[in-house]
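Order as written gives the chain letters A, B, C and D; numbering starts at 1 within each chain.
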Amino acid sequence: MTFAFYLFSCIAILATAMVVTSRHPVHGLLYLVVSFLAVASVFYVLGAPFIALLEVIVYAGAIMVLFVFMIMMLNLGPNVASEESQFLRPSVWVGPSLLCLVLFVEMIYVVVSGEPSATAAASEIDPKQVGVALIGKYYLAVEFASMLLLAGIVAAYHLGKRSLPDETTEEAIQ
Amino acid sequence: MTVLPVNGGLVLAAGLFAIGLLGVLVRRNLLYTLMCVEIMMNAAGLAFVVAGAKWGQPDGQVFFIFILTVAAAEVAVGLALVNQIYRRFHTLDNDSTSSMRG
Amino acid sequence: MTLVLLVFIPLAGGLIAGWMGGKDSTACRWISLGALGLDALLALGLAFHYLGGSGNPGDSRWFIEWSQPWIPQFGISFHFAMDGLSLVMVLLTLFLGLIGVGASWTEIQERVGFFHFNFLWILSGVLGVFLAMDLFLFFFFWEVMLVPMYLLIRIWGHENRRYAAVKFFLFTQASGLLMLISIVALALLHPGNGQGVTFDYNVFLQNPLHGPAAKWIMLGFFVAFATKLPAFPFHPWLADAHTEAPTAGSIILAGILLKTGAYGMLRFILPLFPTAVHEFSTTAMILGVIGILYAAILAFAQDDMKRLVAYTSVSHMGFVLLGIFAGTDFALKGVVIQMICHGLSAGAQFMLVGALYERIHTRDMRKMGGLWDAIPGFGVATMFFAMASLGLPGLGNFVAEFMILVGSFQVAPKLTILATLGLIAATLYSLRLIRRAFHGPRQDEKAYPDLTLRERALNGAFALGLIWLGVYPQPAINAVTPTLKSIQSSAATPMAEHNAISGESQ
Amino acid sequence: MLNLLWTIPVFPFLGFLILLFFGERLPRKILALVGAGSVGVSAAVTSLVAYAFITNPPEGHAFHQVLWTWISVGDFHPQIAFYLDALALVMAGVVTGVGFLIHVYSIEYMGTDKDFARFFACMNLFVFAMLVLVLADNLLLLYIGWEGVGLCSYLLIGFWYREPANCTAAQKAFIVTRVGDTVMAIGFFLLVVQLGTLDVQGLMERAQSEWGPASGMATLAALLLLGGAVGKSGQLPLQTWLPDAMAGPTPVSALIHAATMVTAGVYLIARTHVLFELSSTAMMAVAVVGCLTLLLAGFSALVQTDIKRVLAYSTISQIGYMFLALGVGAWSAAMFHFMTHAFFKALLFLAAGGVIHALHDEQNMFKMGGLWKQLPVVFWTFLIGSAALAGIPLIDAGFYSKDAILWAAYSSEHGSFLLWLGAWIGAIMTSIYTFRMVFISFFGEAKNHVHHKPGLTILIPLIILAALSLVAGFIELPHNMGHIQMFSHFMGTAFESAGEHAQTMAEPGGEAMFQILAGVGSLAGVLIAWWFFLKNPASADSLASTPTGSRLHHFWKSGWGFDAFYDKVFVQPFRWISEVNKADIVDGFYSAIAGATQLTHSVLSLTQTGRVRWYAAWVTVGSVMILGALLFK
């Protein structure tokens, strides 16, 4: 089990790194799917099969499909890739990388210094438990989440319309 | 009885988060920015699930579900915005879309 | 219930006037006049009943009291009460309110309904301030009068109104915040009546707060009231607000809103924090004296007529501050008379400046001169109120200033002598105003209409009030005597030695 | 009859109200009737009251009439109440009597002025205020009149307000007297706080019983009251306003700045004489102020060219005599001189006004000359007035009243030889400058044409006043010449101690010598004036053109440099401060807060770039720092 965990972890890290560095959005997207699948496996290893399934269905499935649709709709030409490579000079990488590294080190420090026993007994938490907690203790949060989704739908519908009044350019002219 | 690599899980979450953040900071393409935000949220969810697993409680997973919801809504709205922006500016470079004078 | 009605009538009148405004602006003026007239009749009825001798309520502190729980968890209630001091201030408010409606009869031509809505809501807030005996309610009304006043300046003001309105708002709001903190701190720190937190004035009154906390809370109140008053370092908002406000706004601002600061000091600071006041009184009196002289010098230098009058307000309010913190019988009674008289004289002066502006379209005295030739009625009226403002004996301001100065002479002779120099300074700026605007050669040969009948009537009302208070102020003094006595006895403990001295020498 | 007392001030006040409200609409004849008539009625009532008072004196020789209680605070109850005793009666008589004559005179003098109604309104208001002042039963009510006359003085000096110089003079008069009034107000505070009343009689009793002689408090209170008196009466050091006050119309100068208002200070001190008697320091101060003022003003009068300014300085000087008399405790002598002075100075001003009027507002004496033939009545009355002013022996009122003062200055217990000497030199100066004025303006060659001769309404008041100037002196004669003491006996009912002074003066031999000296002095003055200004004018000019002479001339003419001094020390710094601080430095502090806020805003708005990646970077930096702070604290 431990071995599986480390394996999938490595895959997730590598795939994610490829996402960040890839030149073409579609390539990045595929790496992202890989990453999500790896994380789903990690979930399974950690004893959360329901979440692993959700990860695959919602993240790797639905959300990624949305991205794909969007890329297809925008119909980005080949110049995007070359443009990207222009942006991605090494000098651009240095600062943010250092910053993220520091943040990473700090987080590691938190994790390491927090608890002497680095491990815990594995115990699977089945969907039933999750369901009871979700509809019991967190019923109000579920309501909020549903409202959020509704708001997301409305917003996406509104923004997705073709003819929005062109405020930005007007302001730019002023 | 197997032993869970709790620390390993948290370190993985931290790593994914850092990489996602790096992407947000470096990439100028809005699509990439959105993808990297997804990565970061996923990492956060991972941390929740690991913590839940450690204490043997379902709450971590519940929160992953909430994060999932937020991510879904965010992607929907975000992609609609990307669509709109591309239509208006004919580019996805988020530096060139700023009209603020600041 | 009468008290609630007193506060409620202007509120309702404001709503109706605002609603009517779009259709018929004359009707809307009459409605606000009617609402205020009704209110004034009510207040006069109360005055005759309770001050006219027969209806003396005996030993009770309040004439009328009305209380209804509002937020019982925190001991907050709709607690209104009226005593002599409140009654006098209510009468002044309604009098100036009526004058204000009259003064803006022709001046305000745009958005008349909304103007009267704001105007009446200010008055309602002021009435609430004078009647509320729950500190939370007091703060509520304190804010109610603020926002419409801001709008009044912002919308109907003169050239620089935006700056003035924002300045007014920021000063009052910042100081109001301090007061809110003080009120909450007082409610939390006060032992109360043993039934949890309370904001009730009577409870605070029975058991004044002592110690270092009292000092800080007192300072919070002081800064808030001193800003409203305004006292010396907190005065800069006033000149701009008064100068830019429309005439009715200036009248209300100078006549009543400033008085809420003095009222607050009398009502809350003196009796609730006797020891703290005792320690602080010298500082406050020094601030008062500085205010008197400093503002007088500022007034002397101004070219803008309205600004000059505005600074005279600061100077006169310095006397009020001096008197309040002198705390003697003489001084406190003088303070009340000064509040009324300043309301009348400053109100009249602002009205005259406004009427003059309507005719010659400037307030710059460098562009005036020799106006007595063209509009002698204005000259006479301005002369009269300038004389009132410089404390000519026979007019109310003299009685007030004399009593304040005698009262403060009992406790601080040296400071009083300095304050008395303010009388000379008042002469300087008043005469300079007359000299530059009305005397000297004419600057142009245009003919201007003199005071109309309406303006004469309004000025006459002011003048009669001042003469009455100048030769027979006793009714006003009698009305507030019980209140001031109880304020003094609450504040007396540490001041006993002073009163003993002054009592013996009399 | 005495109950009519309260109506005396009411009539002029009614007149004022009528003129104020209907002045624009009524014809001039009615205006004149109301303006002069109201004062006339008041004078008639005064004489009725006086008759009742003298024939049938009330108990204690004082009548007290309470109208209502003004203020009542604690034990302090000033009332609106009138108090009539000999002192008040004499003052009221002079105010209404002389006032009436001057009003009548003004009907013609101001006849062509377009602000006829305003003039009479102010004059009536003045008479009202002055009557309140003299009849007041307490100092607070007196203060109403006191400031009221100040206001009227201001209004009337600035009557021709179109001329900026007049406005300046008016303002100066008000402000300078206000300085004195403020000092006096402080004195009131002291009295109220210490003695608990301002009621004059009660105050005097309490002062005697609680303070006693030579008490520091009494000295302080008396000196503070003196401050007010000095301001109103144009004495050192607040005398500078009075010469400028001549900017007003001449009847105003006659009524306010010669006969009545400026003597209010004398009245105040006489009224509170018990308080002054408690303190020899204060008495000394009064005497010294009087003596110095009469000398200084005498020298200034000597070099003026404007006829009204000569008279103004002479007024200052004569009031100096009254102060001197007060300072040596010769209360009734002071009041006697006040009365005769009111007659002859009003006369002089009115006669001078006649001349000025006849010459179309020419006030420079050196442009008059030779007028005695052209304006005979005016000339003779002016001459009588001058004789009274100069104190020409035996024939006129001025001699007797001034002589009483001179004698008291030497013989009284507060007096001294130095005070007498000063007063005597002053008397010589008086007669020099008076007859210089007479000789220059009425004799010599005519330099100006008389445009129109004064009518009867001008001449009748002149003649009446001239008669009074001659005969008024005979009601009080020194005991070696007739020994009539009507006036001092009458005044004695108001001043309990006045009788004692009469006894200390009983040294017949010495007094005769002093009378002769005084008479010789004034006659010598006439001779000197005749020599320098009529017989031999060149000698006066050559004296004035020597370097010392011209400097002295200039110095005296500018009133001993007081104006320049006050300008440098008070006026300029005040103007400077007010000009510098026009925009209110305190506001600068708040503007600085606002400025700092705006500065911070503009700095921070630089970070609002709209570049999402930078925002994210800043968020990251922030979280790194917060995490770091938490971990490695």
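Rule of thumb we're sticking to: contacts are C-beta pairs under 8 Å (C-beta built on N, C-alpha and C of every residue); 3 or more make two chains touch, one makes a residue touch a chain.
Note that this is a predicted model, so its numbers are computed, not measured.
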Most centrally placed chain - per-chain CA mean versus overall CA mean: C
Chain pair showing more contacts of the two, A-D and C-D: C-D
Mean-CA-position distance for subunit D and subunit A (Å): 97
Centre-to-centre distance between subunit D and subunit C (centres being mean Cα positions), rounded to whole Å: 38
Distance from the mean Cα position of subunit B to that of subunit A, given in whole angstrom: 4
Centre-of-Cα separation between subunit C and subunit A, whole angstrom: 64
Two or more partner chains touched - positions in subunit A: 96, 99-100, 103, 107
Multi-chain contact sites of subunit D, meaning residues that touch two or more partners: 617, 620
Contacts with two or more other chains, residues of subunit B listed in rising order: 21, 25-26, 28, 99
Set of all touching chain pairs, with the criterion as stated earlier: A-B, A-D, B-D, C-D
Contacting residues of subunit D [partner subunit C, same complex]: 20, 24, 68-76, 80, 118, 140, 143-144, 146-148, 151, 154-155, 158, 161-162, 164, 167, 171, 174-175, 178-179, 181-182, 185-186, 188-190, 192-196, 574, 577-579, 581-582, 584, 586-587, 589-590
Subunit C residues touching subunit D - in the complex, by the definition given at the top: 232-233, 235-236, 239, 294, 297-298, 300-302, 329-330, 333, 370, 372-373, 376, 380, 383, 387, 392-394, 398-399, 402-403, 405-406, 409-410, 413, 416-417, 420-421, 423-424, 427-428, 431-432, 435, 438-442, 471-474, 477, 502, 505-506
In the complex, subunit B residues that touch subunit A: 1-12, 14-23, 25-29, 31-32, 34-36, 38-39, 42, 46, 49-50, 52-59, 61-62, 64-66, 68-77, 79-84, 86-88, 92-93, 99
Touching residues (chain side subunit D, partner subunit B) in the complex: 605-613, 616-617, 620
Interface residues, subunit B side, partner subunit D - complex: 21, 24-26, 28, 33, 94-95, 97-100, 102
